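What follows is a set of structures to go through.
Consider the two complexes below, in which subunit A is the common component and subunit B and subunit C are the respective partners.
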Partner chain A sequence: MTRLTLVRRLWSDSTLLRHLLVAVLGVVAITAVLTAVSDFRSVQLAEMAYLGTAAGGLTVLTGLNGQISLGHGALMAFGAYTTALLLPDLEASTPLVLVVLAAVLVTLAVGSVVGVAAARLHGPYLAGATVALAVAVPGIALFYKQTLGGEQGIPVVLPPTPQWALDAGYYLTGTDPSRSKFVAYVAWLTLIATFFLLANLSRSRVGRRWRAVRDDEVAAELAGINLGRARVSAFMVSAAAAGAAGAMLAISVRLAAPGSFTLTLSLTLLAAVVLGGLGSLTGALLGAALLTFLPQVVTDLGTDAGLDNIQAAELAPLVYGLVMVLVVLLAPLGIAGTLRSLMLRHRHQDRHRGPTQTTGQTTVQTTGQTTGQTTGQTTPQTTDQATGPDTPGAISTTSKGTSP
Partner chain B sequence: MKRMLTMTVPISAALATTLVLAACGAGGRDDDDDNGDGGGGATAPGVTEDSIKIGAHFPLTGVAAPGYSEIPTGAQAYFDYVNAAGGVHGRQIEYIVKDDGYNPTNTSRVTNELVLQDEIFAMVGGLGTPTHSAVVDFLNSEGVPDFFVSSGSLQWGDNVENRPYTFGWQPDYEIEGKVIGQYVAENMPDAKVGLFLQDDDFGDDAEQGVRQYLEDQIVGVERYTSGNTDVGPQVAGLQASGADLVLGFNTPSYTALTQLVSLRLGYTPQWYYSNVGSDPTLVGGLLSQFSEGAVEGSQNSLDGILTTEYIPGVDAPDDPWVQLWQKVWDTHGTQGDLTNYRVYGMSHAYAFVQALQAAGEDLTRDGLVEAFEEAGQDLDGPQLAPYRYTAESHLGISGLRIVEINNGAGEPLTPVLTTDIGDAEITEDDSGQADDAPPESGIPE
Partner chain C sequence: MQQALNTALGGLTLGMVYAAFALALVLIWRSTRIVNFAQAPMAMITTYVALVIIDAGHSYWLGFSAALLSGLLLGAVLERVVIRPVEGKSHINAVILTLGLFIVLHATAGVIFGNEFSSFQAPFGVRGFKVGERTIALTGFGVVMGLLVLLFRFTDVGLRMRASAYNQEVARLLGVKVGRMLTLGWALAAFVGSLSGLLIAGGNLVHPGYMDSVVVFGFVAAVLGGLDSPVGAVIGGLVLGLSLSFVSGYVGSQLVPLAALAILMLVLTLRPGGLFSHAQARRV
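Moving on, here comes the complex of A and B:
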């Protein structure tokens, strides 16, 4: 019993260890999953990983710092083009790790410039400015056609899978890991590393400053927080995640072309964040999973139901839109946010069931009656919980409530 | 101290899991046996005793969908027609079409799905230059035959060594540029020529061809980016350059847009539009749509304009090939009328059936490519000029004829002219391809 309490206390006290453990478990899990699934699923998982990485960065920016960005797709383009320029053919000798780092650094630089501008803007003006970014960036590739390949983009040639990776894969599974599995593994490692850093950052002093700025600017400034610096740093971190995601997109799609980084991509990322739950990394991952797997499942269902190809293809955006509307209507905290508030309520009940039998029962009854109106009731209480990027422990560190 | 110890429990659990996973693995590596590519043997992916699975990516939704989404419906109708007659070598053709919305990222996704999940035997007719560029190397590295890319870019056929599995089909943009270039040089030697080009392989390849003949006559070159619908500056630029003949290498939307803008500017040069951008019915519809009814577009809107033809289209209902397509569409088509896009789909479906027949009963991926390289040049079909397929070139139809649109139908101005890329001469076609008729059954023999 005491042992369990100790573990639990350690679990909530030591953020770093907890996140490290989750990261290690993540690596183990993804190794197991990638061993088991087909090549095609690995490709889908890679797609989920890069969408998730970018959505994770965006959820930190929007959920924790309260800035909206409709231009994260454009930031991914910087990562992707950097990757493409560094991996032009099989003779390219830059190691993959350095390529990804370069992509992150370039995007970070761009992000800091955009961040400086963004820090001065609010609400619709910020949204407008970032939309401009999303619209303008693909134009750069068209204008510098000689170096950036214009409309057709530049192909990305992934260097041969390193021998040690082949050996490791062979050691684990008995077959040489295919190209798509290797790419999926790299993409997931990037996602796990990014999420680990983002989770730690948001639980640190930096993260608390971001939240303070989001909740009440005046209070934050009185507390000695430099508003501009906090905003710009949030934008930079978020951009760096988008850069890593762009690099993964490039090696996964094997092409960096302006057509991949339209406004639609930026909106897709925002959709992933909203679907999953604002401010939650788990939510970003869930949203990315939904956006990756939903279209294919729906299209296949449509084809099986006897629709012709065009109708089946048109079904996917329809269902996607409906899911979006339903989530916003029925679970305004997003999937992860709603799950967490349910879990918290459950724990709350457990705690109160102890002393007298009657109290416990009333709680259960009340909950039973109000399930229909759950959302309306829980929103004000749980806003903060939903914005913590991890575990219920977030409550203790978040600020006291939404500003009026 | 005790706390530290307890913390190690989950970590050691994780480690143990890793070790168990590792133990489940095969351990060391045996002697390397070179695993062959997926195509060898009688067990080619996607092929069974009685079926062949093939796939394609097309824009079924989004801006590029009008027109282009009809191509696979045509191909599907022809494959159904062949299946109804017993298929090829007793195998029914199963044709899977995926929507890529003309976005290269989606193309990559759906191609992965087709190759890795659906395990298609071959890709047939995947559409678009930027979209197909995203997957062409993947298809070649996987050894998937990539037949009849629906695009006239040179890159599908001019480097067989790099892309041994990819074949073009329609005449490439360079030979189209050469043919119209020579026609203008001979028949309109005083014309001041302006070029209106799509800013990718389409415009670049065509310009290369045109310049071989018209270097001295060109007074202005304007380019547009696909997706940007404001072509005012380009048309004004052509007008300012004094061009009285404009050669447009653009898609149908931009044919409609340039017509509307030049109407507004009072600019009336002689227009030539590439085959790609000159479907009278589609452009007529787009004209009404873009001008919100101010210009009443019909199939006659493009009358007097020059273009090219390489297969007979719905404007020639008496052509025996078009009669066959009409029959196929009436018996196996879906809703709507036969259109030039459906004819295009049926024409390359016809060619693919020929390729399957040439490959024989023991169907393998490499066997299909080899057989087609050997037989390709002699195949009869709806195309007006013979194919160029050999082991050295995977470029498609070798020629076309220049026509003037009149009442929505093309009236030939030249015989069928054939040539090849580079400085190959342009000659009159003597193969008789333009006058042949399909076999009685409608299925290649």
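Moving on, here comes the complex of A and C:
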């Protein structure tokens, strides 16, 4: 009994320990899954891992710091091209770890420049600037054809799987891991490492500053927080995650080409983050999973219903666009956030025996219009003040009066 | 010299397209404080409406007016059904919502019309006589912009719209049906957007993504001018069109988006609210 309370106290007191435990569980789980699945599935899982890594970075930026970025696809391009330039052929035996680190550093540098510019911008201005970034970056690759390969891009030559990895794989699973499984392992380990760092960071003083800036600039500044520094640091961290994701994309697709980094990729990432729930890393992972596995299901349904292949391929974006709109309208906390608030409300009700009063403010109705501006901060069905400062997502907590 | 003149002329034409688009964005921004990223796909859908009607053997002008009407309708319906719930809420919600609409409309067009290119007929069938077409397009924009100015300056509806954009609560107290004005604002913006879509499409190829570059540059133009100022939008559009045309002519067309980004960044770093913004206080 005492041991149980000790464990429980350790669990709730030591964030680091908790996150480490989750990370270790994650590694175990992914090893088990990758051992069991086919090569085709592990390619898909690798895709989910790099989308998830980038979405994790974006969710920290948008959910915790309130900055929107439609240019994360472009940031991934920097990571991918760095990887491709460092892995041109089999002779260039840069260790993979160093390649990924270099990709992260390059993207970090780019991200800090973009972040400095972005820190001065708000809402739609920031969205517009990052859209321009997303559209502009592929053009660079087209312009410098000699070094960056133009439309065809640069092929990535993956160095041979290191002996120790083969040994470890054999020891754990009894078979030699195939190439695609090796890539999937690398991608998932990157995802877990990134999420571990992001989770710790967002629970730390840095993360509290980001949230403070998101929720109320003036109050944050009065509390001695340097707004610009908090914004730029959030952008840099987010860009670094995008760089790691780009590197993983490059080694799993074995190519860095401008066609992979269109505006669609950036919008896809945003969709993943919104679907899962802004500010929640679990949500980012859920969103990435949806984006990876949904298209195939929907496309198959479409071809069964008699559409041709090209039309059926458009069904997947149609579905997640629709879900994106519905999530914003009906469940602004996303999948992870909605589950969490349901859980909290449930616990709350247990404690108080009976439904609690929600604090949602009523809609002001003037001249018979049903559209009076709500002065409340959240939509009534999601209002739960018990979630406190960790409410995932700026979506419900940062609304400010913006009427002219 | 000849080349420079041609580049400048091309740039001005392009600039007018961006300006019209930026104007549509500004119209929506002024009334609802929302940037409509779905403007381009909305215009694309209405162009397809025209295309379907023309391909069915009806006259060009029937398709043209049907497209403009469907633009009005689409704008009004979207505002009333989808946008209304997020008006006055956080910026991020609105941005995400219109981006979601962007994806939905895009994919819908892809499912219905397929992803292939289809040709769209020019108004008078004067192919190759470029200057003529340009003049027609330019006059079209000029007329529409003039009409908009007249509407906003000299009519009762225009006054009501300006009032509800300026201060919703006071306008409401004075008996203006603000909700209706907002719907009307969206409808008008969608009208202008689909007009620019039709004029770009004239004599060109149409596919679901054909407006996408315009939305980015139109947005950059609107931000350059400051999202609040219609004059700024027009000037921003012209400046952007000219500079991009010169970059494309003398440096390389691949770098055009990069140049747009550079211009945008330069302006926003010096004046975060755009060139024509007033000093503004944000409510805390």
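One rule holds in what follows: the second predicted complex is superposed on the first by the 333 of 404 C-alpha atoms of A that agree within 3 Å, B and C clash if a C-alpha of one lies under 4 Å from a C-alpha of the other, contacts with A are read in each partner's own complex, and residues count from 1 in each chain.
Just so we're on the same page, contacts are C-beta pairs under 8 Å (C-beta built on N, C-alpha and C of every residue); 3 or more make two chains touch, one makes a residue touch a chain.
Keep in mind that what you see is a predicted model, and the values were worked out from it rather than measured.
Residue contacts after overlaying the shared chain place A:Thr5 against neither subunit B nor subunit C.
In the superposition on chain A, A:Leu70 contacts subunit C only, with no contact to subunit B. In the superposition on chain A, contact of A:Leu142 is made with both subunit B and subunit C.
Look at A:Leu263: by the touch rule set out above, it reaches subunit C but stays clear of subunit B.
When the two complexes are overlaid on their common chain A, residue A:Val24 makes contact with subunit B while staying clear of subunit C. With both structures placed on the common chain, the touch criterion links A:Arg120 to subunit C but leaves subunit B unconnected. Judged by the touch definition given at the top, the superposed model places A:Val328 against subunit C, while subunit B stays out of reach. Applying the stated contact rule after C-alpha superposition, one finds that A:Ala129 touches subunit C and leaves subunit B untouched. In the superposition on chain A, A:Ile310 contacts both subunit B and subunit C. Put simply, subunit A uses residues 142, 308, 310, 313-314, 316-317 to touch subunit B in one complex and subunit C in the other. Of all residues in subunit B, those touching subunit A in their complex are 2-3, 6-7, 9-11, 14, 17-18, 21-22, 24-29, 60-61, 69, 72-73, 76, 97-99, 102-105, 108-109, 112-113, 116-117, 129-131, 133-134, 137-138, 199-201, 225-226, 334.
Those residues of subunit A lying in contact with subunit C across their complex are 62, 66, 68, 70, 117, 120-125, 127-129, 131-133, 135-137, 139-140, 142-143, 216-218, 263, 267, 270-271, 274, 278, 307-308, 310-311, 313-318, 320-322, 324-325, 328-329, 332, 366-367, 369, 371, 373-374, 394-395, 398-404. On subunit C, the positions that touch subunit A within their shared complex are 29, 33-35, 37, 82, 84-93, 95-97, 99-104, 106-108, 110-112, 114-116, 165-169, 172-173, 175, 177-179, 212-213, 216, 219-220, 222-223, 227, 252, 254-258, 260-261, 264-265, 268-269, 272-274, 282-284. Only residues 3, 6-7, 10, 14, 17, 21, 24-25, 28, 31-32, 35, 38-40, 43, 47, 142, 145, 150-153, 155, 157, 167, 170-175, 180, 249, 252-255, 257, 259-260, 262, 265, 296, 299, 308-310, 313-314, 316-317 of subunit A touch subunit B when the two sit together in their complex.
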